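One chain, subunit A, appears in both complexes that follow, with subunit B as partner in the first and subunit C in the second.
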Partner chain A sequence: MVTLNDINALLPEIVLAAGAVIVMLMIAVSRNHVLSNILTQLTFFISFLFLISNPGEPQLSTNLFVADALGKFLSGLILCSAFVITLFSFPYFNIQKEVKEEYYILLILATLGSVCMTISSHFITFVLSLEILSVSLFGLIGYLRHESTSLEAGIKYLVLAAVATSFILFGFALIYTKTGEMSLGGLGAGFNTGVFDFSYLILAGLALTIVGFGFKMALVPFHFWTPDIYSAAPAPVAAFVATISKGAAFVFLLRLFYSIGGLAFGSVWVAFAVIATASMFIGNWLGLRQQNLKRLIAYSSISHLGYLMVGFLSYSIAGIRASAFYLVIYFTSILAAFGLITYLTGKRGEPVMIQDYRGLFWKKPWLAAFFTLILLSLAGIPFTAGFMGKFYVLASGMSTGRIFLLLALVISSTIGLFYYLRVVAVMLVREEPALPEDYIGKQSLALKFLTIGLFALILWLGVFPNTFFNMLGF
Partner chain B sequence: MGGGILAWMLAPFNKAAPKWVALIALLLNLVIVAGVWIGFEATVSLSTNPEWITSIKADWIPSLGITFHLAMDGISLVMTALTFFLGILSVLVSWKSIDKNTGFFFFNVLWLLAGITGVFMAMDLILFYFFWEIMLVPMYFVMAIWGHENGRYAGWKFFLFTQISGLMMLLSILGLYFYHGSQTGNYSFNYFELLGTVPGGTLSFWVMSGFLIAFFVKLPAIPFHSWLPDAYAESPSAGSIIIAALMSKTAAYGLIRFVVPLFPDAAHEFAVPALAMGAASILYGAKLSYAQKNLKRLIAFSSFSHMGFILIGVFSFNILAFQGVLMQMVAHGLSIAGLFIISGFIYDRIGTLDMQEMGGFWGNMPNMGGFTLVFVMASLGLPGLANFAAEFLVLAGAWQFNVLMSVLATLGLIVSVTYSLRILQKIFHQSRHSKEMELSDFNLREWLVMGSLTLAIVWLGFFPQSVVRTVQPVFNKMEISSSTVNSEQDEVVDANSDYDLNGSDKNEEGGTAW
Partner chain C sequence: MNELPLNVGLLLSGLLFLTGLLGVLIRRNILFMLMSVEIMFNAAALAFVMAGAHHGQPDGQVMLIFILAMAAAEVAVGLALILQMFRQKRTVDSDNLNQLRD
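Let's turn to the complex of A and B:
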């Protein structure tokens, strides 16, 4: 039975769904870019307000969704990021030739899918939300349909996402065959009381799900799509793919494996450890020779997901907290990075090559300082957000004594530092930057404020993480 | 007083303005430190054991037990004074030679100095790590932007080396934190609380090695030194001064402050390899130094060689050697700064550091030659100058602990004469290569810089007591605490310390026989 209480708990999601419909209807009445953008912002904002008013206690609604502190925190994070992306999108799409309004419908729907994923407690809701997310993402990635690369990326994502979903579905089916359960609560109870055990069928199911999640979160060896998609998709969409869709998938992965206690099972843990280590090393390794900034961020995000898995693998409350916090940091840094690319986008396109930024330090010191800060944050240098994230992950790993993983993290992040520094070095060259003359950040006041805001946020997170850490609430 | 220190910490942070601001801020800092020092001298005569002069403490990240805790004792006091003194000199040195983006340059220099000061005062391990790392980014910028031709490469190498070693230290800090937490139930990064917790056996060794790697890289000690010549040689002179005279001292400070008190027995076990590393650094550094053509690289390797004395002193575990280490930190800071400043002045004048192209400068620049003579003599350890006092103390201390190593280290003194004199001979005396060079002698600013340095180095040579007295209480306490731990340890693991004694006895015999 759906009670009023359940509806209350789900209000943020309902608002999102309604928002998508309203934006669509508005488009039918009159096409107006400004209006659709503002409506989208409002939708995210109202949904966020409802979310805040939700109590933090775990509350199961209809066996399908669970509204708990983790879900609340992550949904809030996703909504905030979506809000930021909406702000980025306006000036970006304003100079494009495409019709702009439908973009926002897709954006809201994709966000809806992600938010639902974070509160799913049942296979069926998870798969449905995943599909809502993926289907909207095809549209978003290929949105600039006059550019063949964008279209190509959309199709690539379509194929890979479909494959990933089918892996996940098959995995779930195997688990269901053995246990007859599809809700996380039921599965968790079964595994904890010993009714279910890790038989081969279950392990095969879990393995297939891991593959699917690996695709979604772009973990090595399922990472090949990321650089292509990032470099071809519009910058705000790439930011969405890099942050929100990965974060949402991660939450369900966490729920699944923590509730069934899968990480206590040796081979599952080892599988994840191998994936995490490989992601850290290969992500950083492939980034070394990149000339394309968006591809570089893609590899960086692969390695960051590897770091995130270290928190996940510590298999403790501290681990959950560390990963949730790491997601905040990662979202902020990546959003800022793509925000900067958006900021410097001109009519002729985005400045994607690292060489485009040469001499930025002398021409636009503030922008360059911002960019340097982002890179240092991604590299995890103290006094930036990235360090604090890494610090919590390291601490959680150390508390459970996973020295090997921590060493891998340390060494690989030093490899990564190399290419972040390379970008900084390019900015220090004394040459004229090859940036578009009419980049959109010049006119857009909102973009300027947003950039400053993110700048401050990265520093704040790096110096006083406690404020945010207390928000975790679990 | 706490407020004064806070203001002084903040001053370098906030000001990104060009040279006057930098100079005034640093002068102010120096005055404050001097004030603290004088106040301290007064209290010394009153009370016998004022251990911590000032301290400020505030919660920072309470959920993890991280505090913002700065405190100052004798060692910190001496080192911060040195930091600001050399900071002023490095600002003066870059007065003319840095002409591009001065604002950003001095911003970086101030940040660097703030980081170094922070390291000397941080009493919370995470805070210490923060300050430790805060030095990297500005240093990278200084090298990459204002360095010589290969500055960017050098900056890179420096950054990567120090970063990975720093992260190892972070792992160790975390390990210590969780060990302490699991033992006492009190999770804290505070130095004083961690001080009592000594993880036993292999754990202690591994945790210590994390710290050691960080400090050895920065010091640098022998297998970790490959970043050094590039970094030293490619920085602008202000950068070289800071990195050689101050940054390497943070590592030495870390060894004294953290490694020895936190891991007394592990450090004792590691003493012989560490001494060997020290001796090897001294000899190898001296040899490399002699073979260099580039003046700055020569000085860089000589600095590397001198840092070996610090390593030997720290791992000799007696008060004589500790005093020597501290003296060496100050004296080497001064003398190496002097040499780098001179090389900077030469570079300003002739635009190269290749010693093949120098020669016969004495004729034109007798003043510079005279000062160079002073610093060369200091660096080779002439009695009456600060370095002699320092090296003598270290060697005397080391002799009590391990004769063989101390003999080897003494050999280093002889070799140092060769390369030091080579500087003087090559640059100032040899017949000149380049015929027509307009070489002006020192101007007032340069006189000021070199004069004050010379004064300091001579003063310390004759009156080392002024520094030693300041740090005495700290070392007294340290030796007591380390010996008490040892005596406890004697009871617990008898065999262990027996082995140590035997080892040093044997070495003593070996040494005398040799």
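Let's turn to the complex of A and C:
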């Protein structure tokens, strides 16, 4: 039975769903880009207010959703990121010729899917929220439909995401065949009391599920789509794909494997360890030769997801806390990176090649400093957010004594340092800047404030991580 | 009427799944790729229904209905994208999607 309590716990999601409908109806009455943007911001804001008024104690809603501290924290993170992306989107789409208003419906729906995914505790709710997210993303990635690259990216993502979803579905079907349970609570109870064991059918199901999640989170060897999609999707959408959709999928992966205790089973752990190590090395390795900034961020995000898996693999409460904190830092850095690309977008398009940034330091020292800070944070240099994230992940890995993974993390981040510093070196070249004169950051006050805010956040997270760490609540 | 053994059902859905996967990998026409993805979805749905019948629960069939609805939504968006591609390139061959590369 659905009680009033359940509805209270689900109010943030209800607000999001209602917001999408309201924006759609508003478009039917009158098309207005400013109004759609403001309504979207309001939706995310109100949803966030309801979210923080939730108590955050574990509370099952009808077996399908669980409102706990982890879900609350990640939902909050997703809503904040979506809010930031909304602000970035306004100046970006204002200069596009495409119809703009429908973008916000898709954005709210994609956020709804991600938020629902973080609180799912049942296969059905997970699959449904995954599809809400994916189907909105097809539209978002291919949104600039008159550009053939954007369209190509949309179609590629469509086929790959559909295949990934069917892998997850078939994996779930195999698990369900063996156990007759689809809720994480039921599965967890069964595995912990020894009613279910890791038979071949379950392992096959878990393997298929891991393949599907690997696609969704762009882990090696399922990462090939990432650079293509990032480089062709509009910058705010690329930021969404890189942060929110990966974070949401990660939360359910964590819930699934922690509740059934899959990581205590040797071969599952080894499979994840191999995937994590491969992601760290191959992501950083492929990044070395990139000339395209968006592709470089894509490879960087592949390696970051590998670092995140180290926290996941430590299979402890400290690991969950470290992963959640790492997600905050990863979200901030990647949002800032794509935010900067948005900031420098002009009528002729985004500055995607690294060469576009040559001489930036001599023309716009503050922007160049901000960019350098983002790159250092992605590389994990001390006093930036990225360093603290890696520190906590390493600490959680250290407590379980898996030295091999920690070595992989340290060595691969050293490789990664090269290509981040290469971009910094390009900015320091003494040449006339190649950037267009009419970039959108010039006029947009919101973009300026956001850039300063993210700048401060990266520094703050790097210097005083504890204040933030205490906010986790679990 | 005798119930079909579970293993046979699983084998059937597994074969369907592989057929779909092969189709996605081999076919060059995007319409056929979408159809192959549909086969993969339906293979999973079949496995769910069979498992539900085996456990005597309605959950498997509930999952089937959700999967059908999901697949329909996905194909609707997919066809819209493919239509746009056909307008631009006058072809639905996936080999023509080759602008994005290193």
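Everything below uses one rule, namely that the second predicted complex is superposed on the first by the 474 of 474 C-alpha atoms of A that agree within 3 Å, B and C clash if a C-alpha of one lies under 4 Å from a C-alpha of the other, contacts with A are read in each partner's own complex, and residues count from 1 in each chain.
In this section, contacts are C-beta pairs under 8 Å (C-beta built on N, C-alpha and C of every residue); 3 or more make two chains touch, one makes a residue touch a chain.
No experiment lies behind these values; they were computed from the predicted model shown.
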item	value
Subunit B versus subunit C as contact partner of A:L417, first or second or both or neither	first
Which superposed partner A:I155 touches (first subunit B, second subunit C, both, neither)	second
Partner chain(s) touched by A:S444 [first = subunit B, second = subunit C, both, neither]	neither
Which of subunit B and subunit C A:P382 touches, first, second, both or neither	first
Subunit B versus subunit C as contact partner of A:M398, first or second or both or neither	first
Touched partner set for A:T43, first subunit B, second subunit C, both or neither	neither
Touching partner for A:Y176 - first (subunit B), second (subunit C), both, neither	second
Residue contacts with subunit A in the superposition, subunit B compared against subunit C	C
Overlap of the subunit B and subunit C footprints on subunit A, listed as residue numbers	none
Of subunit B, residues touching subunit A in the complex	60-64, 101, 104, 126, 129-130, 133-134, 136-137, 140-141, 144-145, 152, 155-156, 159-160, 163-164, 167-168, 170-171, 174-175, 177-178
In the complex with subunit C, residue positions of subunit A that touch it	123-124, 127-128, 131, 134-135, 138-139, 142, 145, 148-149, 151-156, 158-159, 162-163, 165-166, 169-170, 172-174, 176-177, 180, 182, 227-228, 231-232, 289-290, 295
Subunit C residues touching subunit A - in the complex, by the definition given at the top	6, 10, 13, 17, 20-21, 24, 30, 33-34, 37, 40-41, 43-45, 47-48, 50-52, 54-55, 57, 59-60, 62-63, 66-67, 70, 73-74, 77-78, 81-82, 84-85, 88-89, 97, 99-102
Interface residues, subunit A side, partner subunit B - complex	362, 365, 376, 381-383, 387, 391, 394-395, 398-399, 403, 406-407, 410-411, 413-414, 417-418, 421, 424-425, 428, 464-466, 469-470
